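Here subunit A shows up in two complexes: once beside subunit B, once beside subunit C.
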Partner chain A sequence: MSAADTLVQLRYRFLPDHVVGEVLSKRWTDNAIPFIALLLTLAVFGSVNPGMFTAFGMYDLAGQIAEFGLLAIALTLVMISGGIDLSIGSVFALCAMTVLTALNVYNLPLPVAVGITLGVGAVCGAINGVLIGYLRLRAFLTTLVTLVMFRSIYEMVLPKFATQIVLGMPDSVVWDELGFGSFLGLPYAFFLSALIALIWHVVLSRSRPGWHIAAVGGARRSAHNAGINVRLVVCLTYVFCGMMVAAAATLFAARLTSVGTDTGLGMEISVLTAVILGGTTLGGGRGSVAKALIGSVIVLILTNGLLQLGVIGTVSALILGVVLLLAVWLDVRWVKNRQKLIDSSYVSPAYIKLTESVNAAENPVYAVNDKLRDVQTIGLGEVEGPEDVAVDRAGNIYSGSRHGEIHRWLAPDFTRHEIFAHIGGGTFGMNFDKDDNLVVCVGGMGLYMVTPEREVVKLTDETSRSLTSVIDDSRIRLADDLDIAPDGRVFFSEASIRYTVHDWPVDMIESRGNGRIICYDPRDKSTKTVLKNRIFPNGIVCLPDGESLLFNETWACRICRYWYDGKKKGQVEIVLDGLPGYPDNINRASDGNYWVCLVGMRGPALDMMMTRPGLRRRMTRRIAPANWIYPNINTGCIIKISATGEVLESLWDKGGVNHPMVTSCKEHEGHLVIGGVSNNRVGRWKIPGADPTWSSPVDYWGAKQ
Partner chain B sequence: MIAAFRNRIDAFLGRGAHSTSVPVMDGPLQPNHALDHAELFLNADGVDNLVDLGGALGFSSGARLMRAAGGTAEEIASFEADIACLASDGAGALAVGLDGAGIVLRGGAHDGRRIEALGGAKLICPTAALFAGPDTLIVAVGSEQHACTEWKRDLMALGQSGSVWRVDLGSGSEDCLAWGMGFPYGLAADGDGIVVSEAWRHRLVRLGKSGAGAVTPVLANLPGYPARLAPAHGSGYWMAVFAPRNQLVEFVLRETRFRQDMTAQVAPEFWIAPALSSGDSYREPLQGGAVKQMGLLKPWAPVWSYGLVVRLDADFQPVASWHSRADGTRHGVTSVCEHGGRLAVAAKGPGELLLMDEVTITGEVV
Partner chain C sequence: MSVQAGEQARGSQRKGVSLRFSQEGIVFLLTMLMFVGFSILLPNFLTSGNVIALMRSVSVLGMLALGMSLVVIGRGVDLTMVSTLVVGVVWAVKMANDGMPFGQALFYGGLLVAGFGMVVGLIVAFAEIPPIFTTLAMAPVIFGIGNPFLFKQDTHNAPQGVTWLNELGFGASFGIPNTILVFAAVALVMHLILRYTRFGRSIYAMGDNPAAARLSGLPVRPITVAQYMMTALVAYLVGIVILGSNSGINSRLAYTTLVYDVLLVVVLGGIGLSGGRGGVRNVIVGTLFVGTLLSGMTILNLSLTAQNFIKSLVMLLALIADTVANPRDEQTSQQGDI
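Coming up: the complex of A and B.
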């Protein structure tokens, strides 16, 4: 292998493309860009403004964050549900005035004053909520109008109390401490806000009401169809928004103890900037408390920093406006392109140099013949996609189907059949255990068992999650074939953790080690992964030695032996490499050898492409999937090998009339029963010279007492 | 500079000239199974180059020149190399192009004359010839580097060394009418001009008889690679399309390194490339849409070979078409010829000579 090849191999092995998509599919990546922006802002303004990280600077900032953060959370609530509230500045002013009037003018006790203030906030929110939620007015226009109305009320009422507010002095230690006290160098208001933020975080991310809000914002109609009371949810978000604004206004009032005509003026723009900078989407459905807080800190540092740099207020507002526009643009691009990026980086080809294949010219055993021509066809058109077959002690044939059924074709002539069991999912590899239960691999579902009484029992559908995976790979997606060890342990292959039954050949374009071999132990019902990163592990057969098994790695065109017990426990050896096709299932033959089905054949052009992962990646991005190069699974054959990997004979259906592709075959009483995953029939072929008494259940478990 | 830069970006993003999109068969080219249902006239290995021998149908089969009579064919002549093209002047003279060996004339005033080089270059790929008069022969040269049987290699090398010549058989003078073409494969006389099918560029172009070298596309962006042209009864023309365009092929054509390695190391029949017939060997590449499902190959499956005959009107615009799709075998139509009120079709892929009832533009049988 050339040095360039090695580089390519390393690049695609250790920097696989799909990791980008997997990382992007994590919800926390949503916060990555705002978080980087926060660090940048901190770095820039921290260096130009040395006062920021001093004790006083932190105290001051924390106090502002306490109020501003609550406002941002309030707006986030509304925006997650798909709305917007522009009236928060006016409500803020109204509430600040209310609490100060209640305390300074009427000398009400603090809890009553705060209660009244929250009530005022709730009423203001409820007005918005009813108009928008129940009367279905546009959020933007409605809150624009209420912004003006609340502000008018504020300006009408303010002159009546302004002087008294300044002159009055509430008699409350708590109020003073809230405004001026500190704990651990930070104001009490900060801890109060942190607590409220924590509660909202839990509500939004981990409770039913929170999910309802996100559901309404994400897809209003779907939320309605799912039984959510959309109008109520929308209305309540405005009510809670108003109450949160009231809480922020209370903290503000405690800190400044006065209100003026400019209180809360233009606040909606800076809060909106903070929320959108944090990554909450204008369209709804996406947002969190963490996003709101990140955005708040950025905006506060920005405005404070600009103030201290001597930038006048109007210019600062202009800058904030530009930042808002930038944030909106970024948000739109991010939402639009993230899923595209995830999708386009899904197929992630790896470098694989297949061992040169042995063809018919070098080994005549592979010459195409028509030995399978006189096959008996069973269930033509009645079964779709029998990937695997099994034969019970009575000689009845069982086959899977893509409809998730197990058909039973009744001996002796197999013209009659019945649905033995319906499981759902594609039914793949199947074998009988010692109690005559039919253990089945079910695509998309896991490992199942059907008892002789036709009861369907789930054995396992998840294994341990691997430590290094970005995404959760514990669920079993494509259980493919199984065999049962003498002690009852079920070894089964999961061909790929990245592709399901519908697009399993696409895994070939990757040819990455996406598969694993899993062991299910019925004694303690445990499931654990015994071999990882195998290239489409497919057929499995346990050897009679009771300590090892043979398994096929389809896209690697090889057959390996794995020791699950004994002296060589845990070791894997390649038994047969460089097959001319892609091995699927492997099963015992009556003469002590093994039948291996080749689901498709190799071609030189594809073999060459396998060493060029970049080329295959471009192919998947540039052209439609129906035009992608595939393994040639239109032609297949059956070969017989010895346990040591010697190829003894090959069986073909020249012309491909009955069995163009073969995924499975099982020997029973001198006949070979044949299945194919995209075929519409089961075949039964008389093996010349085979032992007419040999049957698989007897070979595995002995004659029935 | 900007163009080069843009080209790099296009190559990276796979758009512009690097887009692999292929025109769909729609409108007059809507697929059918008409070629599969056509009457089989006779079998002949490598049947090609249909020509009207004044009442009888002549065709080539490898190095042999044949005359069809009833359901059988008799050999008229045989040559030292595969016959690459045939042209008749309708008065007994026959121009026979030989693969790798130029053109030889049989019968008529110039019997025995050979054209072995044109413009100083050895004539190894005479893909089509046309008598423009008793003494004037128009010759299409597919490639300067590759012989006709090596057409696939020429395509995969992005060949553009094709040319069209007018040879005066009397004086021996040669005029180059066009050069730098992507495998000109068919010729048709059109008033005072000549229309050439340019296979690798999927189009028909008109050349001025003056030899000014200017080419004007008359039908572009075909969904396949056009081969021979033949005049139709009344007015209009027949066009044989010998292979389909395929997204994967278009992609490989743009992947220079892989294309070069593949053509150097893999046998041509297993290339990712168009073919005259396919599905014979399991070592051929296969595409996702061509996987047999429930024992059936879908007719729309992407394939390397296809059968297509197109009827063109007098302005060279398609008006009707006859197909053999992925589930058929009558692929690789290289030549058509009207004969006895019916249309003879040479499906070179399976080596079958077919007869179809001719259909006019308006749809009735002639």
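Coming up: the complex of A and C.
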């Protein structure tokens, strides 16, 4: 291999394209941009403003974050549900006045005062909520109007109590501690807010009401159709928003013990900036407590920093406005392009140099013949896509189908047919265990078992998650073929963890090694991955030695042997490399050899493309999937190999009449039963000179007593 | 029956329906009631001085509302109008007071204002940020550019010796104050643009269904930019009128809730915020209503705060009426339309 090839191989192996998409599809990447912005703000203002990181600076900042963070969470609630609340500044002022009046003027006990304040916040929120949720007014204008309204109420009431508030003295230690006490150098209010934030985080991300809020904001009509009371949810978000604002106002009042005409003025703009900077989307459906808090810290540091740098009010409003616009712009672009980027980087080709294939001129055993032309056709038109077949002790033939059913054709003439069991997913590899249960690989579902009494039992559908995976790969997506070891362990292949039944040929364009071999142990019902990163591992057959198995790697065109027990436990050896086609299933033959089905034949153009991952990458990004170059999976053949990898004979359907494409075959009493994943029939071919008494269940498990 | 008569019958029928049941008709009736009520109950209301003052204040509001209606019909909104007019006019006045000829200063001010409008339009059209946010964020940005960088004082007197400015503010032609004539002229021009030009019809098409307008080949983005530039220029004209009638301008105007009053006029008049509906007549009706209300409250000697409270109450009622008259359709309303 040339140095250039090596470089290409390393590039596509260690910098795979799909990792970008996988990382982007994680929810936390949504916070990446705001978090970087936070670090930048900290770095810039931390360096120009040395007072920020002193003990007093932190105490002061923590106190402000406590209030501002609550406000940001309040607005986030409303915004996730698809609304907006501009009246929070006015509600804030009203509530701060309420709690101070209750304490200083009327000398009410603290819990009563706080209760009244929360009530005022809830009433203000309920006014917004009824108007917007039930009367379906536009949130923006409505809250703009209630902003003016609440503000004028505040301005009308404030002069009546202003002097008494300043003169009065609440008789409460708790209140003083809340405002001026500290714990570990931080104010109590900070810990109180942190607790409230934590509760909201759990509610929003892990509870039914929280999901309802996001559902309403994400798709109002769908939420309604799903049975969510949309109007109530919208209304309640405003009520809770009002109560959260009241809580923030209480902390503010405890800290400053006075209110003025400018309390809460213009607050809606800075809170809105914080929420949007954090990455909460205008129009709903996306947002979190973490985003709100990140945004709050950025805005607080920004405004405090500008204040201390001596920037005048209008200029700092200008800067805030520009920051708000930039944040919204970035957010709009991010939301618009993220999914596109995930989609376009999904197919992630790797470098693979296939071993040169053997052609018929070099090895006459591959010469095309017409042996499969005279097969007996079973169930023509009655079955769609029998990927694998099985034969029980009585000689009945079983096959899977694309419709998620297991068909049974009854011996001896196979003209009668019944649905043996309905599983529900595309049924692939199948084999009988020692109790005559039919163990089946089901695409998209996992490993299942059908008892002789037709009961469908799930054996397993997940394995252990691999350590280096970015997205969770524990779920089994495409279980393909299985075999059962003498001790009862089921070894099955998962052809690809990235593609499903419907787009499995796309995995060929990647040829990355997305597959794995998994072992299910019925004794302790455990599932674990035994081999990883195989290139579309497909057929599996256990050798009679009880310690090793053969498996096909389809896109690598090779057959390997894996030892699961014994001296060579854990080792893999290539038994046969450079096959002229793509091997699918492998099964035992009566003479101790193995039948291998080639699902399709290789071509030099595609072989060459396998060494050009960049070309394949451009192909997948620039042209429509219908025009991609795919492996030929229309014409194949059956070959017989020995356990050491010697090719003994090949069977073809030259005319392409009955079985041009085969994915599986099983020998039974001198006949070969043939299935194909895109066929509409099962074939039965008489093997010249085969042992007419040999059957697979007997070979595996012995004659029934 | 002749064809003409049939058309007349249909026409009167349509007119009757629209006046009786539309929001516009309701508001017009309320205005008349309020006017009659104030005239009877408030002794000073129907004096000529008050009516002129009413008309004057009303025409400023009305012109701003005409500018606003242009974007609202196109399914947008412009909250930067007041900041724009303040910054543009104050800058022009300051330059004139520093020695530049007033005409030239006004020209530069106009360029600046058009530039602001263009920036807003570009952000809305190309960055695809909802107009309500763009303009909410741009208002402090525009004022922040104005206040420390172009001027620093709050109050600016009109330049001396500009007779036409005085005429504009205080003069009258044919017994009607010039301010009101300017309002009438702007209304007429706006009406002609909206009804009879390709630009005007495109605005209606965009407001009705932006996606359809775009798919049918209308240059949606350039039209959006042009809309915001026109609105900014109308605001600038209003600023000049304010300058004339007050002999000066105070930049603190930008801090008032004037722009919400403008929005109140537009919504009350019956121009739906979902776009594509209404016209100049609606603005005039809305202007008369709000003007009468403000004037009555001023004569009643209500405090500014109480006036704000009543105004916001009326506006809430107007919003509710708007929602009832133009219900939002769950099927077609845009997701995330707030």
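Basically, the second predicted complex is superposed on the first by the 705 of 705 C-alpha atoms of A that agree within 3 Å, B and C clash if a C-alpha of one lies under 4 Å from a C-alpha of the other, contacts with A are read in each partner's own complex, and residues count from 1 in each chain.
Note that a residue touches a chain if its C-beta (ideal position, glycine included) is under 8 Å from a C-beta of that chain, and two chains touch if they have at least 3 such contacts.
Given the structure is predicted, the values throughout are model-derived calculations rather than measurements.
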First, second, both or neither for A:Ser152, with subunit B first and subunit C second: second
Contacts of A:Val328 with subunit B and subunit C, given as first, second, both or neither: second
Partner chain(s) touched by A:Val315 [first = subunit B, second = subunit C, both, neither]: second
A:Glu384 touches, of subunit B and subunit C: first, second, both or neither? first
Partner chain(s) touched by A:Val375 [first = subunit B, second = subunit C, both, neither]: neither
Which of subunit B and subunit C A:Leu606 touches, first, second, both or neither: first
Touched partner set for A:Arg136, first subunit B, second subunit C, both or neither: second
Touching partner for A:Pro631 - first (subunit B), second (subunit C), both, neither: first
Residue numbers on subunit B that touch subunit A, as the complex places them: 14, 20, 246-248, 250-251, 255, 258, 261-262, 265-267, 270-272, 282-295, 297, 301-302
Contact footprint of subunit A on subunit C as seen in their complex: 123, 127-130, 132-134, 136-141, 143-145, 147-148, 257, 260, 263, 267, 273, 303, 305-306, 308-309, 311-313, 315-316, 319-320, 323, 327-328, 330-331, 335-338
Touching residues (chain side subunit A, partner subunit B) in the complex: 368, 384-385, 505-506, 581, 600-606, 608-609, 612, 615, 618-619, 621-635, 656, 660-661, 678-681
Subunit A to subunit C touching residues, read off their complex: 82-84, 131, 135-142, 144-146, 148-149, 151-153, 155-156, 219-221, 224, 269, 281-285, 312, 314-315, 317-322, 324-325, 328-329, 332
